[in-house]
Each structure stands twice: as C-alpha cells, then as structure tokens.
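Have a look at these structures, which come just after this line.
You will see two complexes here that share subunit A, one where it goes with subunit B and one where it goes with subunit C.
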Partner chain A sequence: MVAAILSVAFFVIVRSVAEQAAESTQDDILSASATAIADSLRSEGSNVMLDLPYSALSMLGTLSEDRVFYRVFTGDGTLTGYDDLPLPDRTPQRGQPAFATFDYRGDQVRAVSVVRPVGTGTSARDIIVTVAQTRLGLEQTSRTITTTAMGVGAGFFLVATGLSLWAASAALAPIERLTGAVARRGPHDLRPVTADTPAELMPLVNALNSFMARLRASLLRNEDFIAEAAHRVRTPLATVRAQAEITHRKLNKPEHRRAMREMIRAIDESARSAGQMLDHAMVKFRTDTLAGDRLDMCALIGEVCDRLGATADLKDIQIVRDLPDEPIPARGDGILLQAALQNLLDNAIKYSPEDSRIVVRVEQGFDLKVSIQDEGRGFGDADLTRLKTRYTRGANVGDIVGSGLGLTIADEVTRAHGGRLEIVTNQTGVGACISLILPRI
Partner chain B sequence: MYLAHTAQNLIAGLIAAALMATPVASYEIQERRIYPAQGETSVLRVISTADLDVFDPILAAFQADNPGVSVDYTVTETADLMQALYEEGASFDLAISSAMDLQTKLANDGFARTYTSPATEALPDWARWRDQIFAFTQEPAVVIVSDAFFEGQQPPDSRDALIALLRESPERFRGRIGTYDVRRSGFGYMMATQDSRNSESYWRLMEVMGRLDAQLYCCSGEMIRDVATGHLALAYNVLGSYAQSRLAMTDGFRIVQFGDYVNVMLRTALIPQTAENIDDAQTMVDFLTRLGTRPDLVALSELPAIAPDSFQANTALRPIRFGPGLLVFLDQLKRGAFLRNWEDSLLQD
Partner chain C sequence: MRFLLIEDNAKLASAIVERLRLDGHAVDHAGTLDAAQACLDVAQYDLMLLDIMLPDGDGRALLKSQQNVSDRCPVIVITARSAVSDRVSLLDLGADDYITKPFDFSELEARCRAVMRRQGRATDNRISIGGTTLDCTTAELSFDGQTIALRNRELRLLEVFFKAPGHVFSKSHLLDRMFSLSDEASENAIEVYVARLRKRLDGSDTRIETVRGLGYRMVPV
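For the complex of A and B:
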C-alpha cells in the first residue's frame, strides 16, 4: 500500500518535472527563433524590412517534426507570415518574451512573442514577432518520459511489494516455527521451548518459558494440595472412628451404644463424602491434562474389587467378576479410571440389599464395556441424564446417606477418555446396570 | 495489348479535352488522363507535377496490383498544385510534387493527412516528414557539360573549380553558360536557395556567371538540348534524373556531379485533407515508397528510387531536409530579397 502510494507519487513527480523540462526547452528554442527574426528586422527609410534568417525556422525543426507558424506585425498590419496567427493579448515588454498556449489550425500551439523597436526618431515603431510551434514533440517527449516513469514506478512497486512480502514471511517464519513447536506439545509437556528462534523473538520465548515454569509450579502445588487435603481430612476421621469404636465397646447402656453407632455411621459418611469430593477435585484437575498410559483393564477392575471386597462382605454381598483371563489393553489415566469404577462399585454396594450379588462384567465389542449389575432398588423415575450432574441423586434414595458425586465422577472420567456412561434401570424396580463404555484401542 | 493501351489513351485524351473545354478551376491543368479499370470499384484522383510519360508505367503497374481502381491523373505545375490545394480547396486523393518546399508548406499548414504503414516506416528519417510527406525518388541537381566543348579536357569537379575556370577564360564561356531562371522555375528557385545556404561560393558563382552573360532557362529539357547541340558549354543545376534519361537518347553531353556537394531533391507524395478515397491513396503511397523494390518500374519511369546506400557511397550527396527551414524561402519578403540579390548578380546589363 505504502509502496503503491510512493510509486504513484514518484510517477506524478517525474511526469510533471519532465513536462516542465520539455516545455521550457521548447520555450527556449521559440524565444531564440523569435529573437533571431527580430534581430534581422531593419528599416529602410520608412519601410520595415526583414530578411528572415534560415536558422530562425530551421532550428525549430531540429528537435521534432512540429508545425511552425510565425507572424511579424508592424502595428499597421502583418509584414509577413501567417496573418491570422493571434497576437499576444498584451503587447509584451521589450526584452521580455510573452508566452501563450492556444489552438491554431487544428492543433495546440505554444507561441512566443517578442517586441523590437525599428527605426529612429519619430519613425521608430514597435514590431511584434510571434513564433508558434505545435506541441507534438513535447507530447512525445513527455509521453516517452511518462512511459519510462510508469515502468520505473511499476517496477519500484513490484520490487517493494516483493521485498516486503519476503521480509514479512522471513520475519513471520520463526514465529510460525515457534507456534508449531508449542502446538505439537503433549498436555504435560511444560519444558522450556528450545525451538531455533532469531534474537528478536528471544524476549517472547523467554516470557513463554517463564510462564510455563510458573504454570508447572502452580500445577505441582495444586496436586500437592489435593494429596495433602485428602490426607489431612481422612486421617483425623480415621482416628475419630477408631476412638468411637473403642468407646462403643465400653458403653453398656443400649441408648448410649445406639447413639455411638449413629456417630460412627456419620463419621463413615463424612469420610466417604470427603473422599468423593477430593476424588472429584482430583478428577477435575487430572482430566484437564489427561494422561495416556497403557493399562490392563482386567488388573485395574480386579484391584477395585479387592479394595471394596471387605465393605461388600459386611453386607454379605458377593461381587461376581465376569472377566476374561487375558489382559485387556486400554489407554488412559489409571488413577481416574480406578476412581470412576470404585465410585460405581461403591454405589452398587451401598444401594444393594444384604445377601445379594453384584456382577462386574467386561464386554469387548466395538467398544470396551465395563458394566456393574446390581440387584438394588434402581433409580426409580428420576431423569437418568440428570443423575450424572453434580449432587443429584436418585428419586428413591430414601434413608441412605450420599453425596450425589459418585456418578458425576464416573461420568466425567469416561467422557475425558472419549467414552460415555450408560445407565439402564430395570423397569420392574429391581436392580440397575451402569456401564462404563470406552473406545477400544 | 498495345492496341488496347492506345485505345485507352485515345479515350482518356477525349475525356481530357472535354473537361478542359469547361474550366472549373482557376489553377492551370496541363494534362489530364483517366485510366479506367475493368470492373471499377473506386477512383483514385491524383494531382501531380510529374509528366504522364514518366508516370504512365507506374500507374499501369499500380493498376495491375490493384485491379478495380481507376486512376484520374491530373498534371499541373508545382505552383498550380499549391494553388489548387492551398487556396482553392480542390479535392484530390493524392498530391505528387517535386516541390519539397511547397509540400512542406502544405503539411505544416494542416493540408495533409497523417499515415503510417510498414512501408512508410521503412523509409529513412530524411525521406518523410510528420508521417504526412513521403519521398519516393531522389533526384540530384547536376551540371551537364558539352562533349564538344570539353573535348580532351577535364570538366570542373566543384563550384570553386568552375569559378576558377570561368575566370581563367571568360571569352570562351561568354553567353555559353545556362542555368535556371529562378524567378520562373520552382525547382530552380529551390536549388538556388539551397545552394545559398550550403556555400558562400554560390553568390560568387552567380556573380561570375552574370558577368559572362549567362543564359536563363525555364526547364531542364531546353538546357540539355542546348548543351547537347554544343550551343552551351555547360548548364548548372540541371535535374539529374531528367538528364540521365535524355542521355540514353541524345549524345553530345556528359553529366558531372560536383565533389563539394550535390543537392538531392526528393519527389514526394502526400494525402490532402480534401481526399475522399483515402484507402487507395494510402495503397498508392505504399506502392510509391516501395518503388526501390521494382527495378523494372525504375527503369521504365527513369525515376531513381530512394536508396539510402547511395548516400554512403557518395558523401557529397545531400538530401534536402524537410522541416520548417524550407518555409523560410517561401516567405514573400525573403523571396523578394533573394530574387533581388539573384538579379543583382546575374543581370548585370
């Protein structure tokens, strides 16, 4: 854009300068011609005589093939030349040529008039000599210069544009390299950028690296905080529960023992809720930068079943593992998947009646489907899709204490892994089946 | 073929006679002939200063190349051609003249049309002006000398040598030198004015010739005749092409080209503003400017075509330059002054 404006300005300036130069050249020659004619005027008695010098007109033909007109006017009439050639509007001063431009005989002409006194004493008269020339040569010269100027201007513009494009792409190339290097990074890759960058970009790279260092420190702090919080909340609760158990055994009055049992149950729920909330916070944090570790789904399910085995035994619930013998490969964040399964299984145990069965089954079809089938009360008429949102519980939870976070955790984990949570409630009101569906690898 | 041609001439002559019986213009027509075309599609009206017998082969060849174009050819003097176009606004499609100054005046004052074609652009710069005047012949002004008079003697080879010879033996040359009466001949005037520009020795030569009672002529033909018969010893500023063609028929004279300089007159064509059949006029201009490619026509018409090489071969040849300079000697005051000078030199009775 700037190059275009500069080119146009250059063109206009060159053209106007060229035109002025060409015009002043023509004016000079015309003046010389008119002066030569005026100089050859002489008086013989009362008559004015003129011996038209050959060079006066031939010099006008040296530069171009322009038409030439002249007139010598004595004041009484035309002495010689073209008697219809217009005289200057005002009689020019002696020694001061008067220039004019007008149309004559079908062409635009440039005319110069000079005045010379001829004769002596009372017979002295001012003679006006006018010489005019068409401007064909002038136009040709200015056209030539214009064409040249146009060519130079266009060339200038093209070169400037080309250079600026080249400069822009050369300047932007390192930025694009840098962008690519940052975009290609994995979610946990917060190492400093080491892409080859020019010195001009060093401040940007430094700022980026320093930002990533702070981000990494902040993430580490968050992880520490979650671990610390889980520890700090759970450990005292475990202590309180142990003390309560001991106290419970020492108490004799049945109403005291009942009160203490209620207390223990409340402590259990608190510990569980705190655990779920911390699980959820952890899920939130870990799904943002999901790990893609290779896992064995079989081993992972087995571990979760083992961990909850004791809780199930308390209610005489049998966990049936319908699992294949060989490992089931999966990709994802093992801790999250474990948390999701643990929450689902924990829910199943909580809502199952005593002396019932929970079947954990793995099906490998188009997807990898881990389902937990219980014989509990199901979800009633609750909106199944809303169940997955935070703190929402089934319509028939009744007396059972819960936070409403379990399904939310499982749902968020499966979605972070590109899968979905399927809830099928038995229409007869007995049993529900929750499936964690993940894409196969 | 010959009979047909004769019949054609006869018809043309009759038409010319009929037209001349009813004068419509005040300019004087010397001769007029119409070359009718079979299956005529257009008529090209030419006004020319070249005689019919010179231009006849060119017109015939043009018609052979351009069947269907009838040519109406009018011959006038150079001054009549000027008067017809400049003052009377007569309508012609092409004007052919040997008067470079008058053709220049016509072009300068806006009476000519501009035309460019590959043929005209192939002409050297000095052979065209403003793309309006196109030269198609180059005809030098020469000196012719009598064989009888210069028997066993080398004729002079420059103006200075001629002046020296005349001064050496004035009695031998008295009354036996011929030149143009520049007051009556346009060609003579143009050559004289060009001489006066080219060399100071011109006026000395005129002085010497005047003292020796130079004979004045209107035309090259008569000078050649008088030199060939030995009546004149030499004639100065004779149209070279004319002398050359006479040399084939007549004995008794030689052509001398001076070594100091030789003025070369260019015969030119221009398309007047009043032209109506511009297409054929342009075709004719192209045809004429390519005359050099037709040696047969050059031989038949005896018009020397434009040949830039000849100027390299003989550096004394100087083509008369087109341009405003040619207008100077057309200026009435200038012409009057020049003729007074000329008369003072030549008429010393």
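For the complex of A and C:
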C-alpha cells in the first residue's frame, strides 16, 4: 500500500518536473527567437523595416517538427507574419518577454511576445514581436519521460512490495511460532514460554512470562484465601454447634430447648451461606479456566449418590438410581459437575418429605440429560428462570435452611459446559424435576 | 463405637468428645499427627475422625501412611474447606468419607455407620436382649430365626432402647436421638415410630411399653 502510494507520488513528481523542464526549454528558445527578430528591426524614416533572420526561426526547428508562427505588430498593423496570431492580453514590459499558452489553428501553441522600441523620426514606437510554436514536440518529450517514469515507478512498486512481503514474513515467523506456542496451551498451563524466538522478541516473551508468573501467583493466592477464609469461619462455628447440641441435650424446659434449636438453625444457616459463597467463588474460578477432562458421567453420578446417601438415610429417603450399566463418556471438569449435581441432590433431599423417593435418571438422546425427580414441595409460584439467579429461593421454602446459591452454582457449571438447566415443577404442588442437560460427545 | 479424634483446635475437640460420649461412644483425642500415631500403635479404633490442617503437618500424610496398613481403620475427614476444592484429593488419598464443619452429629453418625457398612468390618455392633438381636451395622433385627431390615430412623430409635433395657426415655430425649436438630419434628412423630417398632418387634420376646406421663421403655414380654 505504502509502496503503491510512493510509486504514484514518484510518477507524479517526475512527470511534473519533466513537463516544467520541457516547457522552460521551449520558452528559452522562443524568447531567443523573438529577441533575434526584434534585434533585426530598424527604422527607415518613419517606417519600420525588418529583415527577417531565418536563423531565428530555424533554431525553433531544432526542437522538433513543430510548426512555427510569428507576427510583428507595429501598433498600426501587422508588419509581417500571421496577422491573426493573437497579441498578448497586456502589452509586455520592455525587456521582459511575456509567455502565453492558447489554441491556434487547431493546435495548442506556446507564444512569447517581446516589445522593442524603434525610433522613427522624432518619436519611438513600441513594436511587438510574437513568436509561437505548437507543443507537439513538448508533449512527445513529456510523454517519453512519463512512460519511462511510469516504468520506473511500477518497477519500484514491484520491488518494494516484494521486499516488504519478504521482510514481513521473515519478521512475523517467530511471532507466529510464539502465538502457536501460547495458543496450544491448556487453560491451566501457566509455565513460562520457551518457544525459539529471536533476540528482538525476548522483551515480549519475558513480559509474557512474568505476566503468567504473576497470574499464577495470584490464582494460587485466591485459592489459598478461599480455603483459609473457610477454615477461619467454619472451625469456630463447628465448636459453637457442638456445644449447642450438648447444651440442648441437657435442657429440660421446652422453651429453652426451642431457643437452643433456633440457635443451631442460625448456625447452620450462616455456615451454609458461607460455604455456598466460597463454593460459588471456587466455581467461578474454575469455570474461567474450564478443564476438558474425559469423564464417566455414570461413575460421577454414582459417587454423588453415595456421598449423599447418608444424608438421605437420616430422613429415610431412598435415592433410586436409574442409570445405565455402561459408562457414559463426557468431557469437562469433574469437580464442578459433581458440585452441580451435589447441590441439586442436596436440595432434593432438603425439600423432600421423610419416607419418600428421589429418582436420579440418565437419558441419552440428542443430549445427555441427568434428571433428579423428587416428591418434595416443588417451587410454588416462583419465577423459574429467576431461581437461577443468586440468592433467589423458591416461593414456598418455609423455614428450611438455604442460601439461594445452590441452583446458581448448578446453572453456572452447566452453562460453562455448554449445557442448560431445566426446572419443571409439578402443578399439583408435589414434586419437582431438575435436569442438567449437557451436549453429548 | 470407639473413635480416634485427631483435631488441633482444643475447644472444638473437647466439644466433639463430649458430644460423642453423650451418645455412649468411647473417644480418644489426639492434637497432633505424632499423638495420633501413638494412639494408633497401641489401640484399635472403629473409626478415625481426622482434621486435615494440623500443627505438625498435613493430615493427608497420615492418610497416605495408613493406606498400606493391614486392617486399616476407616477414616472420615473433617474439613473446613469447600467441597469443590478438596473432595477429589481427599478420597483419592484414602479417606472413606468427609464431613464439612460445622456438622450435625446425627449426620456424622450416619456417615460412620455407612462407612463401616461399606468396609464390612466385624465390629461388636450387635446387641442382644433375650432372644432378640439388633445389628446396628447392617440395620437388621433378628429373632426366632427371622431377620427384619430396619429403616434408618427405626434403627436409631431401637438402638436407644436396646442399649438401656428397662430404662424410661422421655419423648423429647427420643426426639433428639432420632431427628437432627435442623429437622422440624414434633413429639407426635415419636408416637408414629414407636408404633412402627412395636409392629417390627411383634412375635419377639421384647416389647416397648408406654410409661404414662414419662415416656417409653423396653421390657421383656
């Protein structure tokens, strides 16, 4: 692009310089010719006489085969020459030739006029000598120069383009190698880049490596902070809760026992909120750099059911597994998917009545659908899409402890895996079914 | 059951020990990994409750060293960490289950039972009164050559009676043993479950008797 602009500029400049040079050459010859004619003017009495020097016209012939016109004007009439050759618009100053360009007899001509005073008797008369020449030769010269300039310009363009392409590809090759080395990396790979790069790129590579080192340190700090915060909050809560249970055992008055139960519920609520918020932070952190591990969905669901089996047992809730025998291949972050399922199953247990059933089912159609169907109280009239937003809970949660983050976590995990969460609440008010729908691989 | 609790926070540890003893369990406490190892060298435990963050090292080291021990004691890890970050590594390292702080003791007990059932450990969890036997690990009641499988709550309630035959238990005490404190439960629920247990015990040589105004007790037929 730049080469093209430079070539065009070069062409324009050469062309205008050539034209100026050619024009000034023609002007010089024309002035010399007109001056020579003027020099031959003499007076005889009151008449002005002219012996036309043919050399004056022949010097014009050397330029090319252009036609030459002349006119000697005495003020009263044309002394000799073409009497229709136009006079200059203004009478030129003595000793200063006046130039003009106009069309004459079908061709463009360049004309020069000089004024020469010739004494006739007592007075002096200003005689105007005009010499004009067609510009065919000039145009030819300028065309030749232009053609040459065009050729040189085009050559310059081609060479410049070729050179710049070669230079660009030579300079970009290491950058492309570097790009490839960075792009091929997994989301958790924050090791320094060691691609083979020339010395000019070392500052970039160093900056990239130091950035990744800082990022890694920051991510680790983040993880450590979350773990540390959890530890600091939950250990004292565990002490308080255990003490509260002991005290509750020892109390006899129903109102004291009730108060102690309220206290324990409040502890559970704050612990659950803290836990879910930390889990949520962890989920956000992990979905940002989503792992693409190969997983067996069946084993993963089985583990979640095992894990929550004891919790379900406490309420005599039976978790029925409707799972295929063979493994179900899936791809993603196993910890996140388990967290999502665990939140859903935990919810189902919390909101289910005792002595009920929860069915965990896997259907493999176009998508992979993991659904958890309970016999609980459903979501009432709650806006089902709003349930997935943070801190939003169903319309009929009653006094069941919850943080309003469980569905949010499940939803975020599912969406990070390219899937969606489907909530169906039974219109009769008994039972809800939440499905985690993932693309099949 | 006999527990080994490995927890460095003294206040939490003493609360857990006291709470577990209330339910009739024997508990030894170790505050460090070294102390825990010393306990394991001299005594047999049904279950180990292990906190991961300890002053003289990471509880995971103990898990690893226990992996190669024959007749390994099952381990439930007590963790403060979020389930999302710790889960996989704990189970990979040989913990049998984990529970996050703060925890409900009925949930802890349910998890202990589930772990021991999975392990199939022959612990002395059978209680016999007359010709009737209750197996707390398998949740089975047997008499006259027949075996009845019990639901979780039935087992928990019956266990209370079997451990102290003839002792009168108030409804509120039974409520504590059967429901976790975060559950909403009324004393009517106890009547429902006692009625169920009476049906289960039908034909055996023991029965549950109502003591008017006081509660219930188990007596021979």
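One rule holds in what follows: the second predicted complex is superposed on the first by the 281 of 441 C-alpha atoms of A that agree within 3 Å, B and C clash if a C-alpha of one lies under 4 Å from a C-alpha of the other, contacts with A are read in each partner's own complex, and residues count from 1 in each chain.
The definition used in the following text is that a contact is a pair of C-beta atoms (placed from the backbone, for glycine too) under 8 Å apart; a residue touches a chain by one contact, two chains touch by 3 or more.
Note that the structure is a prediction, hence the values are computed from the model and not measured.
Enquirer: Mind working out whether A:Ile246 is in touch with subunit B, subunit C, both or neither, as first, second, both or neither?
Expert: After superposition on chain A, A:Ile246 lies in contact with subunit C alone.
Enquirer: Output check: A:Pro324 vs subunit B and subunit C. Expected answer is one of first, second, both, neither. What do you get?
Expert: Neither partner.
Enquirer: Is subunit A touched at more residues by subunit B or by subunit C?
Expert: Of subunit B and subunit C, the partner in contact with more residues of subunit A is C.
Enquirer: Considering only the touch criterion stated at the top, classify A:Thr311 as touching first (subunit B), second (subunit C), both, or neither.
Expert: Once the two structures are laid over each other on A, A:Thr311 reaches subunit C alone.
Enquirer: Is A:Glu65 in contact with subunit B, with subunit C, with both, or with neither (first, second, both, neither)?
Expert: First partner only.
Enquirer: Which subunit A residues come up in both lists, the one for subunit B and the one for subunit C?
Expert: none
Enquirer: Touching subunit C in the complex: which residues of subunit A?
Expert: 223, 226-227, 230-231, 233-243, 245-246, 248-249, 254, 257, 261, 264-265, 267-268, 271, 275, 278-279, 282-283, 286, 307, 309-311, 313-316, 334-336, 338-339, 342, 354-355, 399, 401
Enquirer: Once bound in the complex, which stretches of subunit A touch subunit B?
Expert: Interface residues on the subunit A side: 49-58, 60-62, 65, 67-69, 79-82, 105-107, 136.
Enquirer: Which part of subunit C faces subunit A closely enough to touch in the complex?
Expert: Those residues of subunit C that touch subunit A are 9, 11-12, 15-16, 18-19, 22, 53, 78, 80-88, 97, 100-107, 110-111, 113-114, 151-153, 172, 176, 180-184.
Enquirer: Under the touch definition given earlier, write down the residues of subunit B that touch subunit A in their complex.
Expert: 107-110, 129-130, 197, 321-325, 327-329, 331-334, 337
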